[in-house]
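There's a structure below that I have some questions on.
A, B and C label the chains in the order they appear, each numbered from 1.
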Amino acid sequence: MPSHPKLAAEFIKDKDRAHWHDQSLWFVRSKRDKAVQQLPEWELLREQASKIKSYVVSHLPDLLEEFEKNAKAKGVHVHWARDAKEHNEIVHGILERHQVKRVVKSKSMLTEECHLNPYLERYGIEIVDTDLGEWIVQLQDKPPSHIVMPAIHIKKEEIGELFHEKLGTEKGATDPQYLTESARQRLRQKFIEADAGITGVNFAIAETGGFVVCTNEGNADLGTSLNKLHIACMGIEKLIPRANDLGVFLRLLARSATGQPITTYSSHFHGPAPEGELHIVLLDNGRSEIAGSDEFRRSLNCIRCGACMNTCPVYRRSGGYSYSNTVPGPIGSILGPAHDTKANASLPFACSLCGSCTDVCPVKIDLHHQLLTWRKQIRLKGLLPLSKRLSMKMLSWMMQAPRLYQFVGKTARRIVPYLPRFLVYNRFNAWGKQRELPDMPKQSFREWMKQNHDRK
Amino acid sequence: MAPKVGLFIPCYIDQLYPQVGIATLKILEHFGCDVEYPESQTCCGQPMANTGCTNEVGPLAKRFLEIFKSYDAVVCPSGSCVSMVKNHYDEYFTDNPEYEALKGKTFEFCEYLTTVLGVDKLAGRFPHKVGLHQSCHGLRELRLASDSEIVGPPFGTARALLESIDGVELTTLQRPDECCGFGGTFAVAEEAVSCMMGEDRVHDHEQAGTEVLTALDMSCLMHLSGIICRQQKPIRVMHIAEIFAECL
Amino acid sequence: MTASRESILSTLRKHSVPETELPDLQLPELTQQWITYPDPSQQFSDMLASIKGLCLQVKDIEEVNQRLAELPVYQESNNICSLIPDCGQPTVNVNQITDPHDLENIDFAILPGEFCVAENGATWITNDGGPLRTLYFLSQHVALVVPASEVVPHMHAAYQRLSFENPSFGTFMAGPSKTADIEQSLVIGAHGARSLTVFLVEESF
């Protein structure tokens, strides 16, 4: 896959569109700000959430066993999957045993991570993503570009065209109300006809063996109340120890994600419906390894709210697709390299280290520090381009020799002002593409000091 | 006896923006500091660290400690360089009391003025609309001002000092602390995003009526003024030390 | 599958992870910091309005019926069901329904809520997860009937009153269903209810 800078540059070629994308996401960030300012105890909540999640990661095997025991006691089937392949096989196995042909799925980035849809489709199972944003990208045969707002990068005109083509809605329609109503009608049929519902899991409670699914649209609840089979897919890190901890997390989640005080539905599933079946699939897929890493363990705190993406000035101006990873943005740039460092080596560098992500993260992951640590790992693994390695070596060498450093500086200051413009500004000068170089002063500070300042 | 201040001048200020160093020196001496500029200093190593080349940083970190350890205070007109020394040198020094001491006495320029020298008002006049760019390291690494992300009471050393100058009118930005896009090697490695970010900052200042754009970090200003010059915008770019010095 | 379980657990256990403490959320220094409201019912009502729901504070079920009759969406509804005795003018009896698909055409459902949360306009509903649970989501419009005394300030207080010992289904419903997936334009009535009205009833019912 092309690197982030290449894809980002492509994205920015359409400047107007890039601005539109940037402003759409900034709008969500501002809504988040308004919402959190309403709670004077906001920083305290973040601190508690961070501590609770640290506890979870440091006691994960015990909590998983506790969760499994309590879930089973309520009649839930609990499955364990080491990786994406096993996860898909388990889900397919359950569906096959029930002769399921039509599945409705509510938002689950985990199933996206496992590429569950194409897997099931190969077996002739119809699987419909019922979150409106996810359904839109499904119709386009594309992945989501944001973990909470999958279609944030798509304009309403494009959705109108898409719906006209796929659903037969009016040509040229752009009214979100009309388009949403059309989706409501079509997806309502899907809910009615489905044999099974698949959901993600926002929080699983070790103490009770239950789990919570949060949506604004009600699609998870329609998908699971209208039929007898519910499969919930979760990453092993999604546990919280006690039901009371939900008080903290449900106050943080929606405010961080979209600036709402809470999602429209926060559904708590404890055991299957009477005469129904509830399955939970616990997925590892590299999480257990991250839990062992002192540097990156904290990334498992993530509750997938997307706040880091909304605040990231780079994400806003490059779009989710430029990360070429299931989860984009700051958290994706930490998780991606953990999964495949070589393929995702450009991601930790897709960051100006501004630190905004760290300050909005509801579970206080030190995102920008982890990105910096990844850069070190990438160099240690020999994945840094030679040009970067060499230039840094030379720079360091020069900086250890003050006279050499002074000489180089002086020479540059002497020569550059006399060079013709085309020699300075050309394709070898990435700085100079859209910026002027600084003026070269005659004297450096230290030269001025020597000349004008008596004391050494 | 006045405390001995070691003046730490970032490499790019030394070579490209000496006037910022001169202004810093002038202000510190104006407030009675006994300032020394150790000539053997070069670079804190931030570009290498930010590229993941931490083994190139070790020798520079050790040099830095040797050069500056015996001063009572180390003052630098750059939030990002100070953050490098205080927050990112730990891995090069284990159980080193000299380094621990250095951490406690290294200051960004405005921070030193306000918290150590107790300066809360600057004399002189600067009758201009000033746009304060909140450099990210000073803001979110050194916590020299409150940011828009964290819920809490607003505060800020640079803003307070600027507002104390007669005639200064601070402009109101749409995004008060969005990153300028410099980011070190990011400015070149992700050139398209970097420049779009810088352009957007400049545009924000334009709509706010900024006449003089200032910040704690010359690196941000180098990037923003590069764009301002290329686009020939009538915005003057000055490091905050230069504003203070001009008022004297 | 058991092999996977063992593999995952043993990978986790082979790492030495620094010990951390689980915060005690009942500590007074924490609980004292949680936001409170001088008039929680009013706060609930205001929050619900801000998320496009409607809160009506009434005296008794009779008043509920009166106010229902005034709601345009109720007036326009043909298929009305009610799980609250003597409440509404139901045209459909759902008590014998065993297949939730039979509820497909319900226009308006009058349903019980347990308590309301002032900070976010949410109402907790719970049941055994049987077929009637679908009414909360499948009906075009939903009205919840809640005792007026049952309003808590915030989510911590909410969880103080909840216990999950037995199998159950429950959800916090906060306003009608919505989406902003099309260019961040808020549209009410995504897949769930198009409107949500919460009645806070003073007298016991």
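Keep this in mind: a residue touches a chain if its C-beta (ideal position, glycine included) is under 8 Å from a C-beta of that chain, and two chains touch if they have at least 3 such contacts.
Quick caveat: nothing in here was measured; it's all calculated off a predicted structure.
Looking at the partners of subunit A and subunit B together, they share no chain.
Among the chains, the centre nearest to the mean of all shown protein C-alpha atoms is found for A. Centroid to centroid, with C-alpha atoms defining each point, subunit A and subunit B lie 32 Å apart.
Centre-to-centre separation of subunit A and subunit C, using mean CA positions: 29 Å. In this assembly, the C-alpha centroid of subunit B lies 51 Å from the C-alpha centroid of subunit C. Contacts with at least two other chains are made by residues 39-40 of subunit A.
If you check the complex, the residues on subunit A that touch subunit C are 24, 27-28, 39-41, 44, 48, 51-52, 54-55, 57-58, 60-61, 64-65, 74-75, 79-82, 86, 90, 130-133, 136, 149-152, 154-156, 159, 176-177, 179-181, 184, 187-188, 191-192, 205, 208, 210, 216-219, 221-222, 225-226, 236, 241, 243-248, 250-251, 258, 260-274, 276, 282, 284, 288-289, 291-292, 294, 297. Subunit A contributes residues 4-5, 8-9, 12, 15, 18-19, 22, 26, 33, 36-37, 39-40, 42-43, 311, 313-314, 317-318, 349-356, 358-360, 372, 374-380, 384, 388-389, 392-393, 395-396, 398-400, 402, 405, 409, 412-413, 430-431, 433-441, 443-449, 453, 455-456 to its touches with subunit B in the complex. Subunit C contributes residues 1, 4-5, 7-9, 11-15, 17-23, 25, 30, 33-35, 47, 51, 100-101, 104, 117, 119-122, 128-131, 133-134, 136-138, 154-156, 158-160, 162-185, 187, 189-193 to its touches with subunit A in the complex.
Taken in their complex, subunit B has these residues touching subunit A: 9, 11, 13-19, 21-22, 25, 36-37, 39-43, 45, 47-54, 56-57, 59-60, 63, 136-137, 139-141, 147-152, 175, 177-179, 181-200, 222-223, 225-227, 229-230.
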